[in-house]
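Okay, got some structures for you below.
There are two complexes below, and they share chain A, which is joined by chain B in the first and by chain C in the second.
Let's turn to the complex of A and B:
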């Protein structure tokens, strides 16, 4: 008897999206992950496509879809509905987003005083997306004792208009009229010098405390004088009660607030993971973190069981299908060998690797990116992995997320769009195929 | 120790040298329940892989006169409760909790143990005395004045959830219910019960329920001589004492394991100790340890395995109730999922709700200690609120110390899942003669 209809390996954005979509379709789904994934490191926004020269995500998406071998070449029509679908699910769990694929990509500030381009951000970060009006200033507000958000350095960098990308083709500034730094001492933590983002986020979950804290920030802003503008705060405004915390900030502060994501652990990333996890559990899906999948059992070109290492003996998940969302080189889905080759350690799938033997690029900051970025597993349009001759290697395995070959998620900023679109398509394909193989399940059951 | 020896000593390398895999991503800090509630503990990353560099340095050959070999002088690792959430969350396979436990032991090695830490490890001695004088012992431990005295003198918090001694030990009751030792059934019809101290001295009914459920499924129970698994000593950093417990248990259990018997336990922390901690913490890494680890099963894991092979009697009667369920932190370290919930799903009418909370706070003996009691209560607080909010008559959890902690904090009985399953069989009206 299979214990799961589908096992999803990996608990990142792609794996969780696939699992939610599968559970939504009524499948028994188990997510198995060796630890927490990139959600805990990411900015919390959804990067769909921002290759150089693109003006909007939709425009970038169309451009990437024209690249031969790019996942968007066969996924691009899925992206928009998949993002809308996921946004609705996350909103139910209290995490809302602003922006869309059609509005222009904007330069938004980062916590080191650089900028990045975005068009789809959590509501709490979205205040940075609006174009700057000519008289608007930006106050970069840090918290005394918190060293991962250094307002003086950030403001000094953001004062330079070229950091924001200069002016638009129409001659409008992309940057605020002025940038100032502000440091506030917040009640009860003023004497501390070892604050972490996580600690602050939990303090902001306390409704009484945060009203007082926002009062302190508001008073400091008023002392700076009147005038329209916005205030950039470190992304620590609540974890479990984030929605209400941000509403309180909007109410209390005289400037428009927005959060700037920080180094890991990323509070916006934690919020995203918790919302995904809640959405999965609400649909009856199960998740086991801390169980590393070490091998699979196969029969012909099908995976029949996924085996996770556990104390003393392996845990076997008998299953009718597998979504492999183990990530790329950074996530451990691909492993580099000393001879420069890349291997996919779980199924031994053939890895498409245009950068083999070229680990050390002549220019580490080459705007075109590193060739290894595009390495990954080649699939057919149903996301089944294929070998060098295009034959399906495993008929009941789907690949999702940054393990897919042909994307350069760092330079093209397409990782989240690929994750969500491929995760949902993987689920849809299993739902389609799941309509067929009750015979498959009976067979597996008879063997047990 | 030379580098070669370090590399070749597998269990040491698996734990201590895994610090090298740390990416400094802080994921462990996001899941640490202790760091969530107190500033006294800087978090698993700092006391674990980061401080580990200093500890490792003491074992490596000096790199020259400018690099004197000093141990980490930081003692904050003692605020770690050992719940293990950090190890499960780590994306890079760093054995953080195990590293911290070893560091604590290292800190305490060669020093005379604190009376309290020694006492908390002496579960067999305390249990035997307590049961022998049960009425007096239970009265004493309920007396507020005496509990205050105990707090002042020994350091066990006056409100800490101490269990109630049974009138008789489990072992003294077993001869009536188990087959005689000379008629041990073969391994396909019997399992070895590792009952642990909790079932022997405090909750014999839990083991009795297990024996009944096993019998209903065609398995007799064998209960060879055994001592405390040693975990309370491990948690308190007293490794050499824990090792002697390990040796005695392995001496008895390994023979059964080799003959093909499965070793089943009702205490999820004892079974995890047999499965993993003898090796990962105590460096007891011989053939006996491997044989016993491979043969050990948590009771719910065992029953679910029977079910997956179509061998579980699913003739459960109806239990019309809502049952809040807490998965202990130690259970998560098994890496077996939440088998109790899968079993509860087979009982008609029973609506078990996963409380979805990391740790009840007590983490074995951590929350009993005077200086750690408040931390433990704060760690468990969201769980206690959720249990209270369910408006149920009772709750369930696999670990005894969790049960006592939740019982004390929520004022409602907390049962082992096996008791719930035994009740479900009994509700079917054809249970074998009820015992206990």
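Let's turn to the complex of A and C:
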């Protein structure tokens, strides 16, 4: 008798979405992951589709859906309902988002003083999404002793309107009227060095301390004089008590605050993961992070068990179905070989790789991207992996997230949309097909 | 152009040899100027495997070079201890190496006064368990690892202390001859574009693989055979000792532990242009294949990057081409150096070139060159560089691996600002370098501090260092210049990762690319024009790129 209806391998956005959807449908689900995933180093926002030239996520989505071989070619109708569904689940866990797929993609500032385009951000980052009024200024506020946010450099860079994308077709500027830098010494940590984002986030979880800290920032802002505007802060405003911390910031500060995501570990990403995990546990799902899946047991074209290397011994999860959400190259779901090929290490699935044997592009940030980016596992519309001739390799395995072939999450900014849509579809497919196979097949598999 | 600057000696080239020459001549009382077209140690001196030769490598084929190496090895341990990690070295016979070479090795070492001990293989494997257990014999020699940039800085500092001047980022653009002498040399400041005219009594070219190009400006033909050597950097020290194959010198036969990494060298490919060469996948594969004979698990270890240097090979009378080496050059060319007095044969009396050689013998090369220059200028002072310890050599002990950590602890440990975690570069170390060297690039900072040389290859420290620079220089530095500093360094670090982009390092590269594009939006700076309103056709890869293969 299987211990799980479905085992999800990988605890990134795709795997967690699939697991929540499965648990929501009443399945017994286990998430097993080697470690934390892209949530912990990405921005905490949801990038659905922002290929160059697209004006909104919906517009970008439609464009990517027209590319043969792109996951959106068969997933695009799932994206909108899946995102709405996930937002509701995250909101229950205290993590709310602003924006939608239809509003224009806007340039929001980053912690190197550049911009990126977004339309769906956590509430704490959403202050950057609103169009700038003609008299609005931006204060970039850093914390003394924190090495991952340099307000002087950021402000100097953001003073250039072209960094924000110049003006709109209507002639309105996309940038604030002025950008200035501010560094504050916060109580209790003044003189400290080598502060990390995590350390600061945990300090902001203390309600008494943060009231004092926001008081210091508010006083510094008032000394700068009146006038409308917003204040950009490093994304460290609380972890466990983030919602209340951000509300305190809004109340205390004379300018509209918003967080700017940082280099990893990403505090907004940690919040996202924590909300996903809470959503999963609320539905009875189980999760084991730090247990690397080392092999699977199979019977014919079905996976019957997933074996993870736990602390003292291997742990065997007998299962009727597997969602493989191990990520792409960055996540370790695909491993590059010296000969320029990629392998999928767990099931040995055939990897579609348009860049096989080639070197990467000479320019690391080539706007056209690297061909290798589009590598991944080809599936049918039910997300079952297929071989080069289109035959299903494993009938009870579904692929979700950045392991899917045909997407370029760097150049197309579509990774989160693909993850959520494919994760939820994988769950739906298992519900539809019935993850539990006939009993005799399980028996056959158990002896394998 | 305004005034003409008169100096005793103009030295062209800021590698170890040029730095050694300016130190040597300055100590003999001459007022010198050294010019280097880029930063110090950006040419061959900074692009080698990091070995301080014992001489063992040359005992069988080139006894003279071996004798020079061991003599200089002993001198450098005395005058430059802070630049040396006393790793010791092994010559090991793998099953792929000829037995008779090992039979004659110890005797050849003794003949060249290179200290050697044959050690039981069990003892070797106890000390270096990652080595191939099939190794049959092992000889211990006094190899070590030598930090080139620190060595160059120390030589330059001593030259300055003795009244000479050095200018990085100054390129020689023209020479004017009057009769049998170079009368003036025009030098352009690569950063400001200003041209200065120098009137030297003598000119020394210590420009290594570029010596032919420099000589041509003086109307002298000098045929160099630049030899490219490719090396691979692993992110761990699988050995704490230098390991050489006990066989005739060949590709991929040495591993040198350097700071926190290990470097596998080298290949040998003759090239035409020392400024234009790439690294081939075949070279990387060859190095891996040969390296696996020393360390069987090498393919499971993580590679950080590949890089290449250009040997300043020179041969007065090239031998006829052979079947093995159709060009008649390459490994057959002596690694010894030659001081070329361009007086009698070439008709330029005040011009000397130093070619060939190796980092280990840089001081001797400098001494011999300085002797020739002094004879021309009627200077009778003797060379003192072998006796006087270089500046900033601490308490005379050699460098040790825990050095950085000890400094970090002394600065406050956990509360010291670490800008580069991989290489433990603190804010104060970075500030110290910038105080002295600004304006400079992050690549210059890297050579001075090792910033960005660890596993993430600049992924996490680059924007911090750029932030520090931007905040220090906010009044004088436009944001476009900061963009350039950031982008150039990321591109430079990427260049070395590209030839070995597989396994863990490909994963790291993807992580860094994801951070910089997805979270930090570097595309907006790289474009120089924001990300919005790109014409669709130009910006979007065609649907064909997405076709199912």
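Keep this in mind: the second predicted complex is superposed on the first by the 429 of 448 C-alpha atoms of A that agree within 3 Å, B and C clash if a C-alpha of one lies under 4 Å from a C-alpha of the other, contacts with A are read in each partner's own complex, and residues count from 1 in each chain.
We take it that a contact is a pair of C-beta atoms (placed from the backbone, for glycine too) under 8 Å apart; a residue touches a chain by one contact, two chains touch by 3 or more.
Everything quoted here is computed from the prediction, not taken from an experiment.
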In the overlay, answer first, second, both or neither for which of chain B and chain C A:295 touches.
neither
For A:265, is the partner it touches chain B (first), chain C (second), both, or none of the two (neither)?
first
Can A:173 be said to touch chain B (first), chain C (second), both, or neither?
neither
Considering only touches as defined above, state whether A:147 meets chain B (first), chain C (second), both or neither.
second
Report the partner of chain A that touches more of its residues: chain B or chain C.
C
State whether A:224 touches chain B only (first), chain C only (second), both chains, or neither.
neither
For A:332, is the partner it touches chain B (first), chain C (second), both, or none of the two (neither)?
both
So, A:315: does it touch chain B (first), chain C (second), both, or neither?
first
Quick check for you: in the superposed arrangement, does A:28 touch first (chain B), second (chain C), both or neither?
neither
Is A:282 contacted by the first partner chain B, the second partner chain C, both or neither?
neither
Let me check the overlay on chain A: which residues of chain A are in contact with chain B and also with chain C?
41, 192, 194, 264, 332
Residues on chain A engaged by chain B in the complex (per definition of touch):
1, 3, 34-37, 40-41, 192, 194, 196, 198, 202, 264-265, 270, 281, 286, 288-292, 308-313, 315, 318, 331-332, 448
Chain C-facing residues of chain A, complex
38, 41-43, 47, 51-53, 63, 66-70, 107, 110-117, 145, 147-148, 150, 152-153, 156-157, 159-160, 162-166, 174, 192-194, 261-264, 266, 328-330, 332, 335-338, 340, 352-354, 359-360, 362-365, 367-369, 371, 374, 378, 406, 408-411, 413, 415
Applying the document's contact rule, which stretches of chain C touch chain A when the two form their complex?
281, 284-285, 288, 299, 412, 414-419, 427, 460, 463-464, 466-468, 470-471, 474, 479, 482-483, 486-487, 490-491, 494, 498-499, 501-503, 506-507, 509-511, 513-536, 539-541, 543, 545-549
Chain B - residues contacting chain A, complex:
25-27, 29-31, 36, 39, 42-43, 87-93, 272, 274-276, 293-294, 296, 308-310, 332-337, 356
